[in-house]
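Letters A, B and C name the chains as they come in the text, with residue numbers starting at 1 for each one.
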Amino acid sequence: MIVLFSDFGLEGPYIGQMKAVLHAAAPGVPLIDLFSDAPVCDPKASAYLLAAYSSGFPEDCVFLSVVDPGVGGDRSPVVVRTADHWFVGPDNGLFEPLIRRSCASVSAWVIRWRPKKLSATFHGRDLFAPVAARIARDDFPHQGGNRDFEAVSPEVLRRQDWPDDLAEIVYIDQFGNAITGLRSSTLRRGQTLAVNGKTILLAKTFTSVAPGDMFCYENSNGLMEIAVNKGRGSDVVGIEVGAVVEIAEL
Amino acid sequence: MIVLFSDFGLEGPYIGQMKAVLHAAAPGVPLIDLFSDAPVCDPKASAYLLAAYSSGFPEDCVFLSVVDPGVGGDRSPVVVRTADHWFVGPDNGLFEPLIRRSCASVSAWVIRWRPKKLSATFHGRDLFAPVAARIARDDFPHQGGNRDFEAVSPEVLRRQDWPDDLAEIVYIDQFGNAITGLRSSTLRRGQTLAVNGKTILLAKTFTSVAPGDMFCYENSNGLMEIAVNKGRGSDVVGIEVGAVVEIAEL
Amino acid sequence: MIVLFSDFGLEGPYIGQMKAVLHAAAPGVPLIDLFSDAPVCDPKASAYLLAAYSSGFPEDCVFLSVVDPGVGGDRSPVVVRTADHWFVGPDNGLFEPLIRRSCASVSAWVIRWRPKKLSATFHGRDLFAPVAARIARDDFPHQGGNRDFEAVSPEVLRRQDWPDDLAEIVYIDQFGNAITGLRSSTLRRGQTLAVNGKTILLAKTFTSVAPGDMFCYENSNGLMEIAVNKGRGSDVVGIEVGAVVEIAEL
């Protein structure tokens, strides 16, 4: 299974062009759109989203992960292997929380392979998708490297100064629910979230609170999320992607 | 074939997460997105849309149908079998028009099975998708029930007070065309629609009327629809989803 | 591989309904969404987009191409075969740049076949999709015609008065990048684009210019495109689809 994670937008040609490359190079492998609207040109917020939402996918999935404002510049294209999954994308911090949180050993490669035709602005299609397809069809060095893929220490990909969890809104969904980059497991008993100095009710699900009430809860991927029952959490407090959240005592 | 009908939004992770579950549990079964933007948190409007748009699909399709504002509350998860198709989703009226209009006998089950890990807010992924996959791979009791699926009378799912057709706008499409919950077969000869007291021209297709003219017509799924040739029907009269329409004499 | 190109919108039921027909009639053939948001009801702008973005797809792909404001009127449904690909859609100019630019001989057919049930407003599902599926499963006359498909001279589909390239914005993507209908190969050395009398910097990629700078470049499909590094090109100059661009001397 190849899972697509990008800020390309589901509309427009980009996702389809990548899928055409994937279908041709790895026929029969299912393709899943996870996020096509990751935080635009924001590898940091995207990284915490990717780390949370890649969990739960079948083992050995390949995550084609492209949030890449530096395309055409000098950032390296890389492959990362965690205990469960493969990740292909740019070296701009997108895989930092995955590496940081991985209990098992992580492997990493810098992609030295280049396609015959490499556009300046669409490495997702021209470079990352062919590599994802090679991994999916098991044409990739599991140990060590080769001419196309240089094995490197995962440490060279690290962003040591980034936090373990990101205390920001990283995504607002169709319902206006605002997802943070904070895992619920980072909150101690008796703690909740606050936004703009306002402490938010902690609850379990929508039907636990009255219509119109704002609350926060552990979402279905383990992240803290802010919502309003029968309303839009993002409207009520004017939350946008990038807004800071705080941990508060109940 | 498994057909997805929800208000989750095509963007964001939810559809992809459900598809990953479906691919893993029912490999090779085609997955079709019908509506990802059904009327948000509105099972009633969604129900009339689903009834109209499920027609025409191949026999034995499984409709994974999730418009579920009560997720995590006490509404039951159910399976409904009509003459042609399977439907999996919450018992909140979403299948009322399908049951009501079905000439052949309808069968129904309450889902007693629970996954090992059931999130409080995403039963589409954790509960409904695995059940849809079981039906698609023919691992489901066609007659009677079992420990996982309790056969019930379809009558217990009924919303007797709902109308046969819904005289409201239930969807506005990309072109600004406003789809009603009224089947064209409910209009007698000499009848048309009216909105805000304004009677609307009845026509056959876009090229039947002058540019800028508003008209209504039987859409490609048998519902009455309001449009403007080379314009946006929804803009002209400020129609929104939920707006009431009336049947008027020509 | 069947590639979908339309102005239907990815949301809503239309793409899914076409895919259900394609899956049923051509099982196992991969379906790719290229554009679901081609310029709405604008076959001319769509035609230049389609010509540029169909390049690079595998040989013998079938492009189901539906931008069809005249649906239900008297425009003909047609099939066009270029050196590389098949195209199915309405005869409204949508294939003009493809025919015009084709070096090899082009073949064309008028579709005389009609389905048993043909809606007045959704030929994409009822007529074009079944024909695309027939081509994909090789049930189509490669030479000459038959009762269902009348071979015609491609000249009858021509729009002789259309330009070789379209000096307009034909698409604005998720990032606010504005794609023109001008192939970069039509610019001579020392030429660039201008919009509203303002000459635009020519560059190679985003990292070549300072944040906030507007520039134009050859995009990954060979079209001239206008962008702002770390900004939205479409916002800065208020460009919309249909806006005229000019070729200017550097």
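The rule we apply is simple: a contact is a pair of C-beta atoms (placed from the backbone, for glycine too) under 8 Å apart; a residue touches a chain by one contact, two chains touch by 3 or more.
None of these values were measured; they are calculated from a predicted model.
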### Message
On C-alpha atoms alone, could you tell me the rotation angle mapping chain B onto chain C? Nearest 5 degrees is fine.
### Response
120
### Summary
For the copies chain A and chain C, the interface residues, called same if over half of the numbers are used by both and different if under half, are different
### Gap in Å, rounded to a whole number, between the CA centres of chain C and chain A
31
### Touching two or more other chains - residue numbers and ranges from chain C
10, 37
### Query
For chain C, which residues are in contact with chain B within the complex?
7-17, 19-20, 23-24, 27, 37, 40-41, 69-74, 119-122, 125-126
### Message
Quick check on the complex: what are the chain B residues that touch chain C?
### Response
1, 3, 10, 30, 32-37, 53, 56-58, 171, 173-175, 204-208, 217-221, 230
